[in-house]
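Read through the structures below before going on.
Heads up, the next two complexes both have chain A, just with different partners, chain B and then chain C.
Here is the complex of A and B:
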């Protein structure tokens, strides 16, 4: 009897307490998800009626040079930022794990870009990369059009993206490294392993699950790159058409040009691309991620 | 051996200091540029310190952008999102972790799936809803996509799973119903996770650019990020003004960060993986 009352109570309170979240998700996510899929098969614009056009948005997409270029730019951006960014973050994490003074201060400094809006960060870097008066060309005595040369600007944005994310990734990796039991290192020290061997044979395998999480997260974020590009390249820059990412193209098609149907097809492709890349990572992880403790 | 260790510690410091300089330099350069005149920044070779520390660029950028409104909108957006996330995610997190009700697994699967899908796919219909409601340029529009959070629900469910069932049983025997158990006994035990979620939500709301930019196009109704982005086209050559604007936009968050540095880093590290 008592049991029964309690399950009734569970039902009542359970539904009541998940109701706001579930209703919110249905309105804010489930319906929009289905609506975006539907829109991608229509010729929807900003105003007025639209009709079903089958696959024509997708056909237009894969035959459109701007779209293919954006897809390539997005992948290129990942290639430029993810391996280098994660590697540098790992180096910073290992350095921060050493027995040193001022650890908290160093950690805080590396983490700083994470709490600053990318809009502001991008503006500062855009000034530093200014071709004529920027500090970077001045200091290194170079004459590179960092922002306006379409072949260079992706590299420029990639540098800023790596700089922005290093501290965040390093903090995650550091917590992984700190979880490795000291006894492994002691044993290895007795066996005569040097620091580099210890890193290679103990730290790296033990931290590989965290490394995997960081890698996936960084890949997903890089595939969605938008705000740094928007701020650093921007409308009116001659390099824009050749350097935009998929989400940037999506933004311009949906909210500047008002091609909602076509833009929906682009965003669905982007989400699929993210899904495929993530899936490949999960399939590949067996080769290098070590879950045995 | 001893000498070797000394050298490797020295190298560690050297590497960390060089790294720190690279991390901090852009902020220093922004600060110095903001106090220079536009003529001064175009000098070759450039000056390091401003010839005179003048405040003209700050005066100009506060004329161009309604910073009072931008600060207020950003604060209200952050408060709104954090309150919604903490209240709704705590309730749902507790229910998913501790209560048994029919359909729980199906509903939780919905949460997990939503969490894996990039948010951009929802934006056009979300924008259309705001447009249909005529709610553009309001605080409600800014908060709208963040009223509920699948990630937050998932994250706080983990926190509630970590609380032993016996604690709930004890509260029940003391005559608490489910709600009272949640409010009086369970929720206070999740403080650390709730703080982490709050930090994560606040940073995300503050850094987000696309949503405020499309939904609140009136410069008086938008956020610091989106407001700042409007300078990009029109004043793209007056760098002291742009730097003054960037400085004003990042200052409050940097001050908060310096005060609550530990909570920020731990909060974001705890929610890591999202």
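Here is the complex of A and C:
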């Protein structure tokens, strides 16, 4: 009897302590999310006035060429940025872990893009990619319309996205690598493993949980790409209609055209897409992620 | 013991957070009768608005007015949220893009009583009207479009500077000569409605919408011809393509001496003078060239838009806000605004205050000719469904430029998009 009272009291204090976070989540995340789902079934435009219209936003969406293209652009952007970005980050992390002079300075340099405001990053890259006066076309003697050719612009933005993310991902992976016990390497060295083999059979399996986290985060971020496109491509660019991402389309429908209901449907689809991709990753992790230390 | 301390701390944290939310989310509870919030979207005009507020506060010591400036995008997100929750600022700017949306939904106070329409430019008064024809704001300013030209490039090519009698043909001739002799761009025609093709359409005697705003006129021959002409400018070697503009904007090309002419709004001029002091005296402005052989009319036109001051239909401090609105619309209030130099007052006869700013700051621009263009200016194209058709029309223009649709298909598509938006509204 006495014990039960004690448990209830513990529960009470437990709930009280997590209450600020839970209330915050409910008010700021869960409620707006449910509201967005509801809005996606309405014709909401402005001033919170709307009428229930069933599935018509979704029907309009999947028959709209612009939407299908935005979905493909988003997936293409992921394909371009995630494998390459994570691979490069892993390479950088391994190199930064090596015994080289000025290791700390290199780490700081690679982390720098994370500290700079994304808008500033986009503006500087936009100048470098300028077709007529940009340094990239000048140095390589090319005539590529980096930011206005609809077939190229996604690659351009992907390059900047990879560049911006490498440092952060590398630091996460580096912390994973540093947690690997030195004794494994010593043992492997005695058994005659070379550095490549050590990386392949020790570092990679041991760092796989971190790699998995990085992969998930990078995929989510790529599926939500918006700021770089807004800053580098932007309104008035002839390539925008052909290269916009789902979140950019959502922004234009919601805040430029004021079609909140339809925009909600787009964003719900984006959430589903992220959910599906993340689920697939969690199912796939059993095959390669190693949680034994 | 330590467990209790921990619990105490967490409870305290929770209480602070909840309390923070209560005060933070509760809104303006402490507003007294004598203080007003004045929200604007242009930080460049904050000093001017504060000068007007100061003048009002000198006459009414019991009132305090706080001017708050935000960015354009944030402004409209904020204002819409405030309107939905009935916590709009006491005084705010209203752009003609958004006028119908707010007025027709009943969020703006009727200002017919506090102003005399005859004092203001007709266009500015029209822009302050809702669909029902009532006035929902006090006219603030009026704007116009100018032809900017680089004197250095004209001199280098030996071409005479633009005159008010210039036609589209002169614009082309000068561009051909400048491009031929200096290799730089001539007239830079970028995809834009208000600063771009609308002017050409109305100069040719065409229309975008009919007078009532109930019908699109894109497919009318006089309109379609002008749009075709404007888009065709890009095919000349002396005009950058839209892709080039997306890399480097027309004003950047102009002020770096890569292009000789472009159109800009008068509201940009003071800021351009400030941004490029080393260019002072090496560029100037002129009125827009006219159409040489218009389908209707005399070939002259320039698009003019305006901003209004407004207050909420059922604001907490409505009485006081209306009094300050009346002051904003008075000759005194409008004069102070004109002297701030960024905008031309909507009040008739105060154009000089804006012109004078340039001379006072030794900015060598012949802006006086621009105020004369108000005689033939045309009201900014607008109707209640504009927010839904405008992005579509802009996209179709870019598609035409990119070559994914032909000009004629595009014009038909623009016509259909606008008609559809009008029907849906």
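Simple rule for what comes next: the second predicted complex is superposed on the first by the 264 of 293 C-alpha atoms of A that agree within 3 Å, B and C clash if a C-alpha of one lies under 4 Å from a C-alpha of the other, contacts with A are read in each partner's own complex, and residues count from 1 in each chain.
As a convention for this text, a residue touches a chain if its C-beta (ideal position, glycine included) is under 8 Å from a C-beta of that chain, and two chains touch if they have at least 3 such contacts.
From a predicted model like this one, the values you see are computed outputs, not experimental measurements.
Once the two complexes are laid over each other on the shared chain, residue contacts for A:236 go to chain B and to chain C alike.
Within the superposed three-chain model, A:29 lies in touch with chain B and out of touch with chain C [touch as defined at top].
Of the two partner chains placed by superposition, A:187 touches none, neither chain B nor chain C. The wider contact with chain A, measured as residues touched, comes from B rather than the other of chain B and chain C.
In the superposition on chain A, A:123 makes contact with chain B only, while chain C stays out of contact range. With both structures placed on the common chain, the touch criterion links A:87 to neither chain B nor chain C.
After overlaying the two complexes on the shared chain, residue contacts for A:276 are found with neither chain B nor chain C. In the superposition on chain A, contact of A:131 is made with chain C only, not with chain B. Contact with both chain B and chain C is seen for A:17 once the two complexes are overlaid on the shared chain.
Using the contact criterion defined above for the overlaid structures, shared-chain residue A:68 touches neither chain B nor chain C, since it reaches no partner.
Where the contact sets of chain A with chain B and with chain C meet, they give residues 13, 17, 20, 24, 130, 132-133, 234-236, 255. Residue ranges of chain C in contact with chain A, taken from their complex: 7, 10-11, 13-14, 17-18, 73, 77, 80, 83-84, 101, 105, 107, 190-191, 242-248, 387-388, 391, 394-395, 398-399, 401-402. Listing the residues of chain A that touch chain C in their complex gives 13, 16-17, 19-20, 23-24, 46-49, 130-134, 145, 147-150, 233-241, 252, 255-259. Of all residues in chain B, only 8-9, 12-13, 15-16, 19-20, 22-24, 26-27, 29-30, 33, 41-42, 44-46, 88-89, 91-92, 94-96, 99-102, 104, 107, 110-111, 114, 117-118, 120-129, 144-145, 147-150, 153, 172, 177-179, 182, 203, 206-207, 209-210, 214, 224-226, 228-229, 231-233, 236, 239, 242-243, 245-247, 249-250, 253-254, 256-258, 261-262, 264-265, 268-269, 272-274 touch chain A in the complex they form. On the chain A side of its complex with chain B, the touching residues are 6-7, 9-15, 17-18, 20-22, 24-25, 27-33, 35-36, 39, 91-92, 95-96, 98-100, 104, 106-121, 123-125, 127-128, 130, 132-133, 135, 138, 163, 166-168, 171-172, 175, 195, 213-214, 217, 220, 224, 226-227, 230-231, 234-236, 247, 250-251, 254-255, 260, 263-264, 267-268, 270-271, 274.
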